[in-house]
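Which chain is which? They are A, B, C, D and E, in the order written, and residues in each are numbered from 1.
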Amino acid sequence: MLDVTGLTKKFDDLTVFERFDITVPRRGFTVIIGPSGCGKSTLFDVLTGVVPRDDGVISWQGKSFDHLGGQAAYMQQKDLLLPWLPLMDNALLPVKMGAAGMANSRGKAVALFKRLGLRGFESYLPGKVSGGMRQRCALVRTLMFERELVLLDEPLSALDAITRSRLQSLLLMLQSEFGKSILMITHDIEEAILLGDQLLVVSPLPMGVQEQYALNQPKPREIDDPTLLKIKAHVLSRLKENAIHE
Amino acid sequence: MLDVTGLTKKFDDLTVFERFDITVPRRGFTVIIGPSGCGKSTLFDVLTGVVPRDDGVISWQGKSFDHLGGQAAYMQQKDLLLPWLPLMDNALLPVKMGAAGMANSRGKAVALFKRLGLRGFESYLPGKVSGGMRQRCALVRTLMFERELVLLDEPLSALDAITRSRLQSLLLMLQSEFGKSILMITHDIEEAILLGDQLLVVSPLPMGVQEQYALNQPKPREIDDPTLLKIKAHVLSRLKENAIHE
Amino acid sequence: AERLTLMLDWFPNVDHLPIYLAQQRGDFAARGLEIRIVSPSDTADALKLAASGHVDMAVSYEPQAIIAASEGLTVRVFGRLIEHPLTTLLFLRNRGIEAPRDLIGKRIGYTVPGLMDVLLEAFAKINGIDDYTAINVGFTIAQSLTAGRVDAIMGPFKTYETVVLDHLGYNAGYFELEKWGIPDYDELVFVCGTAAATRHRAALQSFVEAVQVGIDLARQDPANSLEAYLKAVPEADRRTETEAFRLTLPYYASHQRLSTVRWQQFADFALRHDLIERPVNVDHLLLQETE
Amino acid sequence: MNKSTLLAMLLIASVVAIWEALCRVWAIPVFILPPPTRVFATAIVRADLLLPHAGVTALEIVSGIMVSLGVAVPLSMWMFASPSVEKAMAPLLVTSQAVPVFAVAPLLVVWLGYGMASKVLMAAVIIFFPITITLLEGFKSCDAEYRVLFDLMGATFWKKMRFLYWPWALPHFFAGLKVGVSVATIGAVIGEWVGAQMGLGYLMIQANARLKVDLVFAAILWLAFMGLTMWGLVGLVERRTVQWK
Amino acid sequence: MNKSTLLAMLLIASVVAIWEALCRVWAIPVFILPPPTRVFATAIVRADLLLPHAGVTALEIVSGIMVSLGVAVPLSMWMFASPSVEKAMAPLLVTSQAVPVFAVAPLLVVWLGYGMASKVLMAAVIIFFPITITLLEGFKSCDAEYRVLFDLMGATFWKKMRFLYWPWALPHFFAGLKVGVSVATIGAVIGEWVGAQMGLGYLMIQANARLKVDLVFAAILWLAFMGLTMWGLVGLVERRTVQWK
């Protein structure tokens, strides 16, 4: 279980969040949704030690950590592919860097490339493929990490509906079959409702959890399920309240 | 009217599209939707001369052009903000570069910043704001161009539902009040249906128009309009056919 | 054989001809010496390295040796190569300079700051040149003279720059220092450090003997001597070196006895004219059996 | 004083200490390598002698940098604008680096005389090359995507230069300038071999001829100090200018 | 032959033509500036004399570059790894640039003798600086976001070096190396002042003292040719290595 309490982060005079609490159950799928610029990515950055926190306690499986850099796989909002490495080598980077075991990692990557529709582009340089393909490659790279906790920052934002729904099933499989604990940021309410066991709606700066839903419906879910539709409407109205006031 | 016929583009041995035809009516709103990596961005790049075309004719308002570099405003999929300029200066770049008149351009930018929820961040450097805020800034920059034709490549992909719907209305206003001709790529079917007068579903490599819908419903539209829902279902099934085969 | 390293004062030229001649003929080997000849990067290097014992012997100049002694460097002079000044105040003929006083109000260049500028000052004072502009020209001798940037230069050798200028079509005249009030001195001398002076005493003696043999031979048979030198230093330009050799011939040392009186005269002169700051007793500088 | 500064000072102190120990233990004669204590002492005690010379050299260096920038900046922009100019100029530039000072010294003297101009020119020639090359590489390092964006905005070459290529190349430019100001000191010294009447290079030759090696090294110390000051200044301007990094 | 090459050749030809015209029209004496025709002729006619010297110098340059790389690469990595080392080394490096050869020549002779070592060292010292600085700036130019990514993957410093910083710094490195190989020629020439018996620098000083200025310039021509060849080679390796640009 990931247990975060009293987390505080300020950029100069901008308070991104103050005394923020969040709990991610083991093998659970927690989704964060909130307006653009509210501090979601910053939360992930603080959790993984990309930026230092000002205050708060982060504990993972009972142990307290400065940050989860060595504990979690993190897919950032930018794809951050190395321009000089072909897609396959970019995906295999965690293996080379020691964040994943060597055994059969190539086979795993090949399978993921196939599954994510990147077959045939293994040897392309990142500059020569589309935005969505870059994002998919970055996702493969994240999945190559052998870490139980997975943080995903808008992993599917650049993808079309179909590719997106395929990858949603992939994420579900990751949770159910490989026992990963997933914390994901998305701005797509349907996606949040289809995937999450726990759904956190956060408010704009300073960020805070405004509403929290526990979704116990079995997965895979259908979006036209009436309870889900009701939750969707509710979340939407919640988000509207927070929206930018002109 | 933008009239493109026989457009062909190859990268080495990869044919992105061949003898591709497309027509964008003046003051119309044309939306292109298709699977990731199928060549949509490449089409825009060819139209604007970012990459040279191999063959085909591009004509805008009856005149034939090598490319529309000087005729169109183009928002690329990457935000391409200059890291050393504050957001406001980035947005005002087209004015400085002569792609837009000077008169009242700052007032216009200020209004857009307010409307897009960027007020207060005018003097932030791009490295210090969120991904969605960068995308919004890039959109403001595109809207500062004084060009009748506007090409938008997934302009709202990094935004949450509410911000997104606000900006959708903004785009509609751009079409109706400022008489712009808009050609937009999106991977959100609802967005396509809510905004488009014409909807093109394209197939994967080599890219071709697979289906074309004319949408005459008045705007703003509601997504739960039954005809629209029917179209949505239809498009979705179309896209599914094209999807990556594992 | 006893191995000794000799560092020249500058790149090999005809001034060093007797050394190369002795080397070629085996005069060193015959005395049980094996001599290695190296060139320095700067005219002061050789003396410094000899004083510190990093080379066994060096070719130096009398003024330089006296400056070194004054600065407390532990050097000893044990032989000589050229026994009169070759350094002159050089000018182009046909430009109205007949006597030193004709240089009043002119621009006079000098080659090495710290040395030639001081000599120039002394020369000017002695010869009544009470108004002139001194300009450091480095080694752009022919260029600055012919381009008219300066009217005369302190420092060029009467045996070398004159030849070069002649070959370029200019007729050079010069004032010889020793004829215009500056004490006579040994232009090129052999120096060593104090350690080498005791350790290699005999070898150093044999070395200067062999050099003197070379000098004598060069006088007797100039043509063959020059050939031997040109063979040893293939980069040398035959035409210039031949002419320079002819001019240098009279100045090679006639014997290897260093005159304490003459050296002391120059040392006193140097002190008087600020070439050195502390007095030098040449008895401690010169290394020889007896005067 | 933080840890890093402390460590830095320690390292420098140990280099100086090793130098001092070397001189004493191996008994290296003063006229080959004077011990640092002596060099520092001379540098301070003889400041009255060194200062005016240092002033002249500093002036030459600064003028050399100015002249260099005046040529390097437009030239690298021109080479960047036209690949054929680059192709044509590259061999000339590389050749210009292969010409040692004594070969051109006579030319300089004939053309420029013995005044300041020839020294400034020598310093300028030496600094010029690294600045031009690094600036050119900086311009070239600009991502094509951004160039395209500016093309779409109808930006002229000059506007692209000012708003895109220059900011982009600035970190490269400063790297080149840092190399430049450091070699500028030796540039000025070399220039002063071409017959100067003042300047640290002149003083060094003079001191060397008189076997005052401690004065030679004291002059080097002053040169190094000047080089470091300029290096620091460039670093300061860099941090002020390239704030977005 | 394409247009750009043609233009390049034209420019070079016109520089040579102006030089020739200058010499003839103003009747510049050969010992001040020989006309290019004469320089070319000497360079070819005296090839038998020049070639062995050029060979020695080339060997010194190549060895100098190797030595330089051998020091510059680890040093810049070390400076990059530890800012306090950078802070400490920067003054030493800048100081090393301010030391003229004649001041240290006796030291070099004392330590290294008259063989090749002292020349190689001098060449290395000169090349070393631009390579170290540009490489360091190259490492530093790496975006923090990528560094963070590698941290998250648990990459060690050496893995980050190999897979991230090096590829990132390569364009900078090559810019530095280009400056380096160009100044290497003058480095070797300066090195040959430290008591050489062979090499183009030695030949030039000799020829210069004898006012054989055409031979001096012929040697420069050979030097320039060597510099250009190395420049071209570096460019070739760069295009092979930095293919993703």
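Here is the rule we use: a residue touches a chain if its C-beta (ideal position, glycine included) is under 8 Å from a C-beta of that chain, and two chains touch if they have at least 3 such contacts.
All figures in this text were calculated on a predicted structure; none of them were measured in a lab.
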item	value
Contact-graph distance - origin subunit B, target subunit E	2
Partner chains that subunit A and subunit C have in common	E
Chain at maximum distance from subunit A, centres defined as averaged CA atoms	C
Inter-copy rotation, subunit D to subunit E, in degrees (Cα atoms; steps of 5)	180
Geometric centre distance via CA averages, subunit D-subunit A, whole Å	50
Where subunit C and subunit D are represented by their mean Cα positions, the distance between them in whole Å	37
Interchain centroid distance [CA atoms averaged], subunit D/subunit E, Å	16
Geometric centre distance via CA averages, subunit C-subunit B, whole Å	85
Junction residues of subunit E - those touching two or more other chains	31-32, 102, 106, 110, 205, 208
Residues of subunit B whose C-beta touches two or more other chains	78
Multi-chain contact residues (two or more partners), subunit C	42, 48-49, 52, 54, 139, 143, 147
Every chain pair in contact, whichever chains are involved	A-B, A-E, B-D, C-D, C-E, D-E
Subunit E-facing residues of subunit A, complex	48-50, 69-70, 72-74, 76, 78, 80, 82-84, 93-94, 96-99, 125, 127, 145
Footprint of subunit E on subunit D - complex, ascending	3-12, 15, 28, 32-33, 83-85, 87-95, 97-100, 102-103, 106-107, 110, 129-130, 133-134, 137, 141, 171-172, 174-176, 178-179, 182-183, 185-186, 189-190, 201, 204-205, 208, 213, 216-217, 220, 223-224, 226-228, 231
Complex contacts: residues of subunit D adjacent to subunit C	28-29, 31-32, 102, 105-106, 109-110, 113-114, 193-197, 202, 205-213
Subunit E contact footprint on subunit C (complex, rising order)	7, 10-11, 13, 38-42, 45, 48-49, 52, 54, 139, 142-143, 146-147, 164, 168, 235-237, 240
In the complex, subunit E residues that touch subunit A	145-146, 148-156, 159, 163-164, 167, 242-244
